[in-house]
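Naming follows writing order (A, B, C, D, E and F), and every chain is counted from residue 1.
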């Protein structure tokens, strides 16, 4: 029954990588807390780099600086 | 003043259906808790089926299996 | 499989009222989009009135003014 | 280390405006609580006007009425 | 820089178990997407069983029925 | 009509500081995007240090190490 939300920048994660995130997060809840995987929900949000900030600066700006 | 967030998979909900979700969720808060509809906010997120997992598997995979 | 999050101020909602919110939100997704209630999740967050602002002001302050 | 999520309707906010939101929200946490800007994350979600409701009505409908 | 939010019912997860969730979720992002663990944030929300619903029913009610 | 969610660790923010966060975040949306403050909502979540992780480690553990 757990709900996991993973937010990452939209920078080309593949369907296969997202499937691994879903599988891994679900298994983590099984392993640590014995949760039922059948009702464990994982939602991945991919956020544009203009819309994600860290250090007071958009990731799109940071990428231009090579950060 | 309540805030309601509804997350569904992006599988063709129409504007009319989304309007009904907004109206219904707002009315629910009025009916149960007497909240003021004028300041009740409803946000609907439509999530790609590659990005939504249940049972450790992406919905896009489940759909291919007819689930 | 939908996920609904309802945020309200913590001002005495009863377990019975919260049960009605859960039931009503689940039914709404069934009625409008034909979703499966068995995997529909509803999470209610009750937020302290010091921690909820509208109009630039905490609800706790607004309540003192009779708003 | 704070995490700030800003949700707005998708109605043409520019990259420059979003950069100002990121900078301003980060600075607010520094000014009020002395938080470290280097680990302060800001995520902006732009929501379609069909998917955002207030007063029981989608913003797309309200815009047609001049609201 | 990812942000992971894990929501579970408040049913006695220990500090040690929560530490494992934090470690595991962070490692998952490193393994699958090569993310930097130093700026990966994990937030765990523990939700009262009256406030979590599935199948249209609060978990607190389901627990009374032995579900 | 914007919605702002600020998540911080629960480490003694006062009601006055939270009022400043609410006021500042609301003003930011007015200044940058011309949003109406009357319908701008700000919700602050204070998260236990056992439940917040960065760098793969709970903040409660980091605090013990003087981080």
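For this structure, a couple of remarks:
The rule is short, and it goes like this: a contact is a pair of C-beta atoms (placed from the backbone, for glycine too) under 8 Å apart; a residue touches a chain by one contact, two chains touch by 3 or more.
Keep in mind the model is a prediction, meaning the values are calculated, not measured.
For chain pairs E-F and D-E, the one joined by more C-beta pairs in contact is E-F.
Averaging Cα coordinates per chain places subunit B and subunit C 14 Å apart.
Our note on geometry: subunit C versus subunit D, Cα centroid distance of 21 Å, whole angstroms.
The residues of subunit D that reach two or more other chains are 1, 3, 7, 21, 25, 39, 41, 43, 52, 54, listed in rising order. Of all possible chain pairs, those that touch are A-B, A-C, A-D, A-E, B-C, B-D, B-F, C-E, C-F, D-E, D-F, E-F. Every residue of subunit E that touches subunit D in the complex is listed here, in rising order: 1, 3, 39, 41, 43. Residues of subunit C touching subunit B in their complex: 1-9, 13, 17, 20-21, 24-25, 28-29, 31-33, 35, 39, 52, 54, 59. Against subunit B, the residues of subunit A that register as touching in their complex are 15, 18-19, 21-23, 25-27, 37-46.
Taken in their complex, subunit F has these residues touching subunit E: 7, 47, 50-58, 60-61.
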